[in-house]
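The structure is given below, and queries will be raised subsequently.
Labels for the chains are A, B and C, by order of writing; each one numbers its residues from 1.
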Amino acid sequence: NKDGLRFENEDKSVSVALGGRIHADYRNFDHSGNDKLASNSSANESDTFDIRRARLVLSGQIMDHYTFQLSGDFAGQTAGNTGATLDQAWVNVNYWRPLQVTVGQFKAPISMERKMSSNTLDFLERSLHDSLGSYEDRGLMVWGIPKDGLTYAVSVINGEGNKNSNDVDSRVSKPEVQLNATVNFAELMGNKDAVYHLGVGYADTEFSKANSASSSASTWWVAGSNQFRTEARGVNFLALPNVGSVANTSNAIERQRFALEGAVALGPVKVVSEWMRNSFKGDLSPTADFNNNIDAWYVSTLWNITGEKFADFYKDGVFKGVKPTNNFDLGKGGGTWQLGLRYAHIDASDFNNSNFAAAGGGTQNGVSRINTTSKTNTFEAGAWTVGLNFVPNPNTRFMLNFVQTNFDTPIMIESKLKDNEKAITARAQFNF
Amino acid sequence: NKDGLRFENEDKSVSVALGGRIHADYRNFDHSGNDKLASNSSANESDTFDIRRARLVLSGQIMDHYTFQLSGDFAGQTAGNTGATLDQAWVNVNYWRPLQVTVGQFKAPISMERKMSSNTLDFLERSLHDSLGSYEDRGLMVWGIPKDGLTYAVSVINGEGNKNSNDVDSRVSKPEVQLNATVNFAELMGNKDAVYHLGVGYADTEFSKANSASSSASTWWVAGSNQFRTEARGVNFLALPNVGSVANTSNAIERQRFALEGAVALGPVKVVSEWMRNSFKGDLSPTADFNNNIDAWYVSTLWNITGEKFADFYKDGVFKGVKPTNNFDLGKGGGTWQLGLRYAHIDASDFNNSNFAAAGGGTQNGVSRINTTSKTNTFEAGAWTVGLNFVPNPNTRFMLNFVQTNFDTPIMIESKLKDNEKAITARAQFNF
Amino acid sequence: NKDGLRFENEDKSVSVALGGRIHADYRNFDHSGNDKLASNSSANESDTFDIRRARLVLSGQIMDHYTFQLSGDFAGQTAGNTGATLDQAWVNVNYWRPLQVTVGQFKAPISMERKMSSNTLDFLERSLHDSLGSYEDRGLMVWGIPKDGLTYAVSVINGEGNKNSNDVDSRVSKPEVQLNATVNFAELMGNKDAVYHLGVGYADTEFSKANSASSSASTWWVAGSNQFRTEARGVNFLALPNVGSVANTSNAIERQRFALEGAVALGPVKVVSEWMRNSFKGDLSPTADFNNNIDAWYVSTLWNITGEKFADFYKDGVFKGVKPTNNFDLGKGGGTWQLGLRYAHIDASDFNNSNFAAAGGGTQNGVSRINTTSKTNTFEAGAWTVGLNFVPNPNTRFMLNFVQTNFDTPIMIESKLKDNEKAITARAQFNF
């Protein structure tokens, strides 16, 4: 898309751009193939070449005030969804910049990291923090840019949080309302060399306990074999206890999200941090209820070794991809080099208590009990990532990451109890 | 596609158009979330935002006489088919307008409503009548336009009736032969202000009882959990009794379709009606056979409040989308407004008898018995739809429908016995 | 793509081509519908219209040295994978013709037949030999053309052998290394009227017994209900015995491929032959191991009745599609006519012994035992194909094949024991 091709009709009332992206990955884990005697029970634990994304993107503008995007991913398969998947499909009506309306499947407004294009992420994968957030979702969004440096968005969406699960028809007891607002003080003060970004988010929805079943690929309530996965796309390590339907109690679970985001960019260096809490409330039994949180956060920094200024690539609340000052050519050099460091943390220890194990018996287990028996779960984890990127031209990028995830409670990986996972991951990326 | 972009090579021997369509829907049901204590067992019963269609379309013409279309839907998932689906993929050879040949996956010729593009339907969804018809199917079609106002088509197709079920390889005992012919008397008489359309259709095929299994997503014989759904895409309400393999009887079931279609358009008003019968014949046991029908029909009317003449948008047997006389712009007005009303009816009461329950025991139940125990089925239903459309420009459309479906026999919806479903549905549509 | 459309930006640094292909097939078998009393248990055994391929292809070149291809197939469903599938997604870096690097999902280098585009195959389907080969796979390839007439490739890939199985994450104990080299002596000698092609291939990988489970759609080890299928896309006829995890034995299985390819083209006639052996080694029990082979080969010939010279359509180790000297037009004639004959053979009789049946009991059966009880398997099969092709223009092709597959041991097809399958298959093909 960026630096891609754009076609217009004669009177310029219709303009369409055709783009694509290929993300070709390799992942190598320290635990992989340790033991030839063992049966590898999980594909996630294996070294592999992967096509992380293979997307076609149609976007354009019609009659000045209507913009659209339609993108599909031919490598979008997940456990619950084989075949190609829909990425985004939305129409935006823009008669006035401060007040616009988007309908369709679009990125929910909360989280700076989520709103970055996957083509422009600082590291191969978004952080553990992103597991608590909202992905592309379906609904309606009113948003705008009242003034350069200020953005806001109010969306009413299904609240499923993931386009891949149960897409055919969502079970929405109450749609999710999401609010987000950001400010870039540097832009307000007329400083073009820096970014001082601050943002807040809040969301509220209600869903049925039927959506927390471990057998489904539900992202309402990650449970059972449906677990959070490490940033390196390695092992699954964290799920919430199951909560099932219990006689004479409401099936409704309320989920609230609270989010904070901040970023400072000075010349070729940026530091970004986000925090999010997902808070779940509901009835466990006719006499007991629950009110528990999962929290996650990250801090990351990225340095353009070749000197490009990050403020040049920030727009309307989001960092865009850095374009090299000079494109790389053999013998002449050029291209952008970047070095990054990130720490992310996720904490669901608030669910580590006997309430869940007690209510409803065998199928409603506490996290602690899950770990005691099958040792597939932990309560908390933290992950370090070191990354090196090379951007020879705006269409191409090569990335190398080292990711170490530390588990609070050791879990079984290929028949061994381990308290961390180490991975080297690499990507060759092409977008046009 | 329409008003989209078309590219040609230098000698104009190849011309390709790239298009897309986004249908972003919202559905709200009267029964949804009535009872927080109940477990929502069916996703179909929930309020939801949906991407109804997200298609990429390549079409074009090569060497004057070859036209093609290839379209895929990234939101094409159904219960039996996750991921993106193939919509149409055909090549048409046109050396002579009265005699053309199409091969590939195309719209089967029967039914005026089916042949309309989903971009140009009068209401959000096709009527209950469409449940008995044939969708995109794979095969070969000989067709033509002998004279303006006359069309005919003879197709030999798999007869599966739905592109989503068992697409990999169809089980065809005998391919379906479909015949269709239409006449527009107004065109024959040289009247350009009106449409007096009449059409007939007939089809015959034979399939195996193995295709009537309730577990499959078969559209040969809708049974078990595979039910007809309301026009509002709400609850499932009607299935045929199961017929399984029985020793010493033929597994063959013969299906015939009989179809009539008629339309009158005078100035800005059109009235359309269609009727179809599906007739099934086969052996129930060595001593008993069956010969039963399902019938469905609808009558609908649409009024262009803004005065556009429907005859201008009728071509070769099908109504195309109405284009506004003036495109809408803020402050200046413009665009097309439409008001519509439809009644549709489906009747499978011919299957409501004890023959099916008797033959083969527990797994071969009559409709009546299905309803007596699980109360998920009715014999007959009728649906009223009122619709309002706004078409600001040829690429955009907004639709609002109210749909009430009345069930002949009450069925269980969210733990309550109800004899109707009310729904408000809305669509923002974008095609290019 | 070929003769398709190509778009460039102003400074010609980005050039993108949009293409597509539609393969519309019909297959008719001698055994289909023989017995209306029988339940057709396998869809593969039925006559059918099929969309064999419906692909969108984006390809292009960026900044002179980077080429890419991204293609998805909307008709790519297989038993294990509904919905659209990814075909190819790769980027090639080409600063020097003799040493290039490709990353992503691409065609593995072994087999001349495999590397031909499906648009240009001599017959509707690749031969039985192709069952042992490698399909599109994910990884990295170093390759080059040191001199016209010489090619080599070294690839490191997942080794899954099929893009459709377990794509999300491959279980790679050890990646597959594939080597291939070809020479065209005619080109080396400066003879432009002939092709004297010779090639060799070797590959080695190791995978887990967990990947040989019959329940999965694994292509590592074709077993259980996951069988090889006839060239006519008819019945499944050959699977290897299951090997499961056994205590105190390694789970590792080593697979080696040995491949030879040769082709001679003189004027309008070409003769092509390939041979491949897949060799599997591993432990059956703590005291016994196995080391068994499957072999397959084919010889085929194709004659351009209309005289086009094959050497004109050979490039860098692969035959490209023949373009007609004059395009066909009604009344004027033109187009290319081709007549072909092929024999292919597959032989897994090396697995027909009591070792597999003995080790591990009921679930680890020898081929012989599989046939004795369910009669769904043979050890060896050979297939004759006669084909006639008509190519009216470079974008269109019509094909007609007769295929007879002879089974060494008779198998049950629609309740009858048969020692062969006869099929007539046809294709209308459109690519742009």
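To be clear about the criterion, contacts are C-beta pairs under 8 Å (C-beta built on N, C-alpha and C of every residue); 3 or more make two chains touch, one makes a residue touch a chain.
Note that the structure is a prediction, hence the values are computed from the model and not measured.
Taken as a contact graph, the chains are fully connected, with every chain touching every other chain. Shared residue numbers account for under half of those found at the interface formed by chain B and chain C, and the copies are therefore classed as meeting with different residues.
Once the centre of each chain is set as its mean CA position, chain B and chain C turn out to be 37 Å apart. Of all residues in chain C, those touching 2 or more other chains are 7, 18, 56, 72, 74, 77, 82-84, listed in ascending order.
The touching residues of chain B, when paired with chain A in their complex, are 3-5, 7, 18, 20, 22, 24, 26, 33, 36-41, 43-44, 46-51, 54, 56, 72, 74-75, 77-79, 82-84, 233, 327, 330, 393, 395-396, 428, 430, 432.
Those residues of chain C that touch chain A in the shared complex are 7-9, 14, 16, 18, 56, 58, 60, 62-63, 65-66, 68, 70, 72, 74, 76-77, 80-87, 89-91, 95, 103-105, 138-140, 157-158, 166-175, 208-210, 245, 248-252.
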